[in-house]
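The structures come next, written out as structure tokens.
In the two assemblies presented below, subunit A is common to both, partnered first by subunit B and then by subunit C.
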Partner chain A sequence: MSHSPDPALLIAQIKDKLGIGEDKVYAVMGEFAEPEELVEAGRRIRGMGYTKIDAMTPFPVHGIDEAIGVPYSKIGWIAVCGALAGITTAQVLIYYVGKIDYPLIIGGKPLFDFTYSIPPTFELAVLFTAITTFLCTWGLSGLPRLYHPSMNYRNMHRASDDRFLLVVEANDPKFDAQKTAQDMRSVGANDVEVVEG
Partner chain B sequence: MSVVVQDPQLMAVNPPLVQGARDLHDLTDQISSVVEAKVYETPLKYWITLTFTGSIVLLLGAMLTYLVNTGIGVWGNNRPVGWAWDITNFVFWIGIGHAGTLISAILFLFRQKWRTSINRSAEAMTLFAVMCAGIFPLFHTGRPWRAFYWLFPIPNTDLNIWQNFRSPLIWDVFAVTTYFTVSLLFWFTGLVPDLASLRDRATSKIRQVVFGILSLGWRGSARHWRHYEQAYLILAGISTPLVLSVHSVVSFDFATSVIPGWHTTIFPPYFVAGAIFSGFACVMTLLLIARWTLNLQNLITIKHLDNMNKIILVTGSVVGYAYCTEFFIAWYSGSIYERFTFLNRAFGPYWWAAWSMYSCNVFIPQLYWFKKMRTNLWVMFIISITTNIGMWFERFVIIATSLTRDFLPSSWGYFHPTWVDICTFIGTIGLFLTLFLLFARFLPMIAMSEVKGVASQEKHTFAGQVEGSVSHR
Partner chain C sequence: MSATTTHNYQLESARWSTGRNVLALAALISIVACIAGYIQDPDRFFRSYLVAFTYACAIGLGAFFFVMVQFLSGSAWSVTMRRIMENIMITLPVGALLFVPIAFGLNHIYPWTNPTLINSSQLLRAKSGFLVDKFFIARTYGYFALWSIWIFALCRQSIKADDKRSIQQMRVASRWSAPGLFLVVAVGTLAAYDWLMTVEPSWYSTIFGLYYLADGAVLFFSVMILICLGFRKAGVLDKEINIEHYHDLGKWLFAMTCFYTYIGFSQFLLIWYANLPDETQFYRHRMPGTWLYISLSLPFIRFFIPFFTLISRPAKRNLKIIGFMAVWSLIVVYLDLYWIVMPVFYPNGPQIHWLDFATLGAVVSIAGLVFWSRFRRHAMVPVGDLRLEQSLHFENA
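Moving on, here comes the complex of A and B:
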């Protein structure tokens, strides 16, 4: 017999794991008006020894990944696996259907042949690649997620509009609310705020 | 930001893609305002048009109900023309969709920045066109609710049989289904950052919840963008061969048969070129209307339209070249049936359809050699429509004329569409326009995040520019 845990406790645990709660600090956030300023500030913040840095921007800013140390996406390899799965599925399906389960001689053509299986195989490879890529884009980004502590930042709504935000997360070993906020101001960030979880 | 001195020479050669002295916030405002307008703020002409096209959708519903109730004998398909308007319309609509994928995927891979203002609406157009296309083969089965077992390899006790994978018709099912799914995923992926913008701007509870869910919690983090950009590249990369394969597979439906006029190896590239040709023309028609009604002149500039017209000229000429090749091969093959079919096309009972097609597809687009024509809004609007008329006739000519007069003169005939044929086709046009109008009003029609990226880059090239400094030539 398994006894179900107290839902309130479970929610508290999940919140704890996600770093959500009034008593928690998520990060220090600040904003910039221009993408170049963000990249430059990101580089300097990283130079100060911070490692858990993030940026939130209305469009992909080039050079930000190197500046704040975001690793390269591995989604390409997952897409390749999707393509292989599609090719395998199609070949097995067409072989099984034509040769094993429902052999029918039509126009004297072979029951299975690589040549006529090419179009459906290609299409399934594309289909599986697309679905894998699509799901992994969100999955690897931790989405869908309806709440995130960054929403508590007063200028968060402008990250999808015209501002470029820099974030130093609280789980950074070098993080100290006062000191980090000062560092953020020193690299030129406006509206620097310690954001609650 | 330092102010770079504006270089008028550079602007004349290569005018900016986003015009007017705007900042990023203005762009968000301009594009979102259409979506956020109150019912009474949207021009009345929009609602009147929507009511009109919506009533045509009702006509489509009535026609399909009548068809299912009565049987497919209500269409004009009969001996010797067993495939007629239904497959003509299917190929026509699928072809329209191709430009959307070309703009969103192929131009993306070629780093053509001018695509950003038009790619969202072109992708939406693809989806709606494929929906319209799907109606015809689905209802041609007569019993569409059972068609899933006939079309897709689903184990079932309904028929206890499997599909024949040697037939190009099943390849078509795979191609079109994949095409629709991939286009939908691509389109939605592009929409997510913009939906997040709308979520962040939302003032009412309903909008916050709806856009909150649709945007998946997107917050534009660098850790999102790195996956996103990679994924977008992959989707563009696979859509490119996909779009070429879809119309190739559609052309296999004809090319693998033994009917003179169908049995030719030129069909795949010929169909793909024709598809892009008609699709670009359709994007042009829709964009010109949207640009005018929603005042998007600064985002959809003459340069965008000029570029599209160049593509229409190229693909139209490719189609013209394919017509010549067909005639040459018909003569060169030495087959009397091939020769007859092509002479019959141009001078037989369907001469009027064939010459409409040659004029609309080959002769009229030649006007685009002149820049004056490529940049004249009325000229391009008219040509965009004649092109689509011509491309519909192309499919009709290929399908009907090849079937009306085949090997045996005793089985010759002439095809007449019934009123149900005509109303069903008009109905799909209504469905297409209705879906597009709904999209243009309720979702951001221009890819905000992409346009911002382009605008931000252009600021360096064109810094210090003021509105009106660019002369439209």
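Moving on, here comes the complex of A and C:
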């Protein structure tokens, strides 16, 4: 360890790569007391032309996806792919092992038959689907991560308690810290803040 | 908002009368046809009637089970539809009346009524204490009596809540529901053994009760979808039962289709694997002639087609598609029950007879009249349920 880099510099580089740091703006955030207000405000903010909108709530709020234009999750199709992979693996494995690699007659049953290959096929389909879905959910959600710039928002802890947060991210083409903060206030958000990364 | 809360959700009496007249006419025509059929060919009448009777009871059993599930889970999504579910459930006690023809025609349907057959086999002699006609009839009335106690208690609480608008009735209904679920499955299993399995008295399958109840669950959700769509077409409850509710009914139809497949396949796999003559005879009797084509097509018409049609979210939110799948399920479940009963009498293939339609029409229209009669006095929606408002504005995540 003759030449160790300056840790502060290293952290700054990593932060720069992730797009976070004191010199960077992450978003404009504001809070609402009621889920209905959040949905209404989200719809109005989207109507103003913003596209990079997010919401943070203590529980799932019905209608918010549609209000802020979050597309329907792709996880269903990923799950289908996982299931197909499981089905293929099981069928090929049972066929290859039982009929080609080590043919052995057990209980007078055929070397391969759909009847008895279906239960393991079902199990492998479920297993593959579960693992694929789990990993892809983490991947699509950007997990695991130890830090998120939204944590800098003053009332962030209340998003898991009694407040409904609305976020307009800085990478929105229409984003302008002053103007966006004004827009957020105009749709009824409280404690509007320009949150740094 | 005040418009919805003051709404009393009563069906207009003119509409109610039209519905009753249509059902009464259908009942009258089909009953006359059944009597004519009975005079002409009593054997055929009783065989067709058994399929129709078990079909109608399966719908009632499905409704009975899922009404109690709604009470126990306290689910809000189903509240706007719960009164319709309850009214389907209350058609199950009518089964006691619909069973009367079977009670008089046991020797036309059940081979075990023939003492020489019973004495011919060791296996049947061992069952001879159970397969006695008087005991058989008494058992069936015992099932209906037990179910009816629960069904009337649940309906009473639900109607009471309409005026009282308190949570107390909900609590009482939940207390009835937990043992009630057990009652549906345990007694329903015995009923399925009696009504359907003893058509082939030497055959046995412990899972058969669930097979029948799974059929009932599929039928129930199909009937629910079609009744709601019918009301929607007439402009009744079209805002109260919206696309979100259909989506959930579609999910249930999909889930119960998978459940049926799971049970049906489990039965087949174990019998296939053990390969014992007493058990395999069921499938053996469904292989000759055209029965083979029905046997082979069951996995496709009862699983693959509904599964791949209903799996996607847009499909379940498309009223045309779920309406079509509901009709489809009603037909294929009938075919399934037909496939269970008829090969015993017609070993070389199905012989479609007009009595199949007449008996089904009679049974369904009589049950339908009971269902419809409930809409005359009571609201179409449980107006006293505290979660009604939540259900009206419910959305799928």
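We take it that the second predicted complex is superposed on the first by the 182 of 197 C-alpha atoms of A that agree within 3 Å, B and C clash if a C-alpha of one lies under 4 Å from a C-alpha of the other, contacts with A are read in each partner's own complex, and residues count from 1 in each chain.
Please note the rule applied: a contact is a pair of C-beta atoms (placed from the backbone, for glycine too) under 8 Å apart; a residue touches a chain by one contact, two chains touch by 3 or more.
Treat the numbers as computed from the prediction; the structure is a model and nothing was measured.
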Practice item. Would you mind checking whether subunit B and subunit C clash or fit side by side on subunit A after the superposition? Key: clash
Check your understanding: In the superposed arrangement, does A:Phe175 touch subunit B (first), subunit C (second), both or neither?
Key -> neither
Check your understanding: Looking at the overlay, does A:Tyr116 come into contact with subunit B only (first), subunit C only (second), both, or neither?
Key -> both
Review point. Of the two partner chains, subunit B (first) and subunit C (second), which one does A:Arg145 touch, if any: first, second, both, or neither?
Key: first
Point to revise | Contact breadth on subunit A, by residue count: subunit C or subunit B | key: B
Practice item. May I ask you to decide whether A:Gly76 touches subunit B, subunit C, both, or neither, giving the answer as first, second, both or neither? Key: both
Practice item. Mind working out whether A:Gly63 is in touch with subunit B, subunit C, both or neither, as first, second, both or neither? Key: second
Review point. Subunit C: which of 19-27, 181-189, 343-351 or 361-369 bumps into subunit B?
Key: 181-189
Exercise for review: Indicate the residue numbers of subunit A shared between its subunit B interface and its subunit C interface, in ascending order.
Suggested key: 60, 72, 76, 107, 109, 116, 119
Check your understanding: Considering the complex alone, what residue numbers of subunit A touch subunit B?
Key -> 34-36, 54-61, 64-65, 68, 70-73, 75-76, 79, 93-94, 97-98, 101-102, 104, 106-107, 109, 116-117, 119-120, 122-124, 126-127, 129-131, 133-134, 136-138, 140-141, 143-148, 150-151, 156-162, 167
Study note, to complete from the structure: In the complex, the residues of subunit C that touch subunit A are 265, 268-269, 272-273, 275, 312-313, 394-397
Check your understanding: Residues of subunit A touching subunit C in their complex?
Key -> 60, 62-63, 72, 76, 107-109, 115-116, 118-119
Check your understanding: For subunit B, which residues count as touching subunit A in their complex?
Key -> 1, 23-25, 28, 153, 161-166, 168, 170-171, 174-175, 177-178, 181-182, 185-186, 188-189, 193, 196-197, 199-201, 212-213, 216-231, 234-235, 238, 241-242, 245, 249, 252, 448-450, 452-453, 456
